[in-house]
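Per-chain numbering from 1; labels A, B and C assigned in written order.
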């Protein structure tokens, strides 16, 4: 088990479709016994602010109006933040905020949803990456 | 050969430039003797519908008008679906549709181009991932 | 050291936020003793042209007007091209341009910033990938 190493997800994008995709991957990898490390950067980090985590975050540009509506309806029923809570229940899932992105947005740990376990630098994230590094 | 493991590509994006990039990677990895597993999600899956696979799917937003035109011309000459067929001829390349995304779009296997081998869940995709997991 | 293999970054996107994220990753991996190979494709390659490398390249669509302004200010203070130069000083970092993308844009090695070490095909890039392959 965990022979293939951890799954390291860089969550850069902040749209609901990509955040849901990240959560699905985290659940799948946790279910297969792999350690999962999420590293929140830029718009992905911005989406985890307590005051906006459940707000609508739109979809990738190619979704168009119909696709964006579909994602909004789906997100309302099964929110990616709930899926990440499930992933944490299933396996070993750590969610860290990128220290440099925190500085960029001038926010602190208290501004983020309790799903976020800690603030860390990129070197620590890389040091923990014993398997794929997937940028979303 | 294949010491570095399989190459697992999550094809999330549905624009012609990113789909072509995925096809180039699949060909390169197949040529190097690596097993390739594609997992079609969201707009990437949508692009594989039989009724629209050869339609124009645009380009990433930063392409602008000039770049989008360039991609359209290039895609007309060398379509990513043809490149994926070549990749399958060269090596072991499986194309699976994400079961959850099929549900989201309320489509069945019959709605998809024959390039798609099967419908599978994320746990199966992760279980087969013995190397990089690349999100496009 | 370097037990987890090299870090292979496909730099497809050409916005300043994603290019900065690629540079941060390169620095982090180089600092941890991992070999880093960047492969410039499409809009990522376009951003390395000598005549526009320091021009503004915008941000991901979800940045909005406020986010785009923030990225522009940050990029002016700490440019990703400078960060990539630092990464090269810290460790073993190779930057290659994708031969197919060069053809697409009809440009030559002389059109690119000296940061770019060479032009290579995808098979060579894959052959050198002994660890994660991360698409940005």
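By definition in this document, a residue touches a chain if its C-beta (ideal position, glycine included) is under 8 Å from a C-beta of that chain, and two chains touch if they have at least 3 such contacts.
Source: prediction; values computed, not measured.
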Minimum number of chain-to-chain contact steps, chain A to chain C: 1
Chain copies touching (chain B, chain C) - same or different residues, decided at half shared: different
Between chain A and its twin chain B, rotation from the CA superposition, multiple of 5 degrees: 120
Where chain B and chain C are represented by their mean Cα positions, the distance between them in whole Å: 23
Multi-chain contact sites of chain A, meaning residues that touch two or more partners: 61, 132, 134-135
Complex contacts: residues of chain B adjacent to chain C: 4, 7, 17-18, 21, 24-25, 27-29, 31-32, 34, 60-63, 67, 70, 74, 132, 134-136
In the complex, chain C residues that touch chain B: 5, 8, 10, 12-15, 41-43, 46, 57-58, 61, 98, 100, 104-105, 121-123, 125-127, 129-135
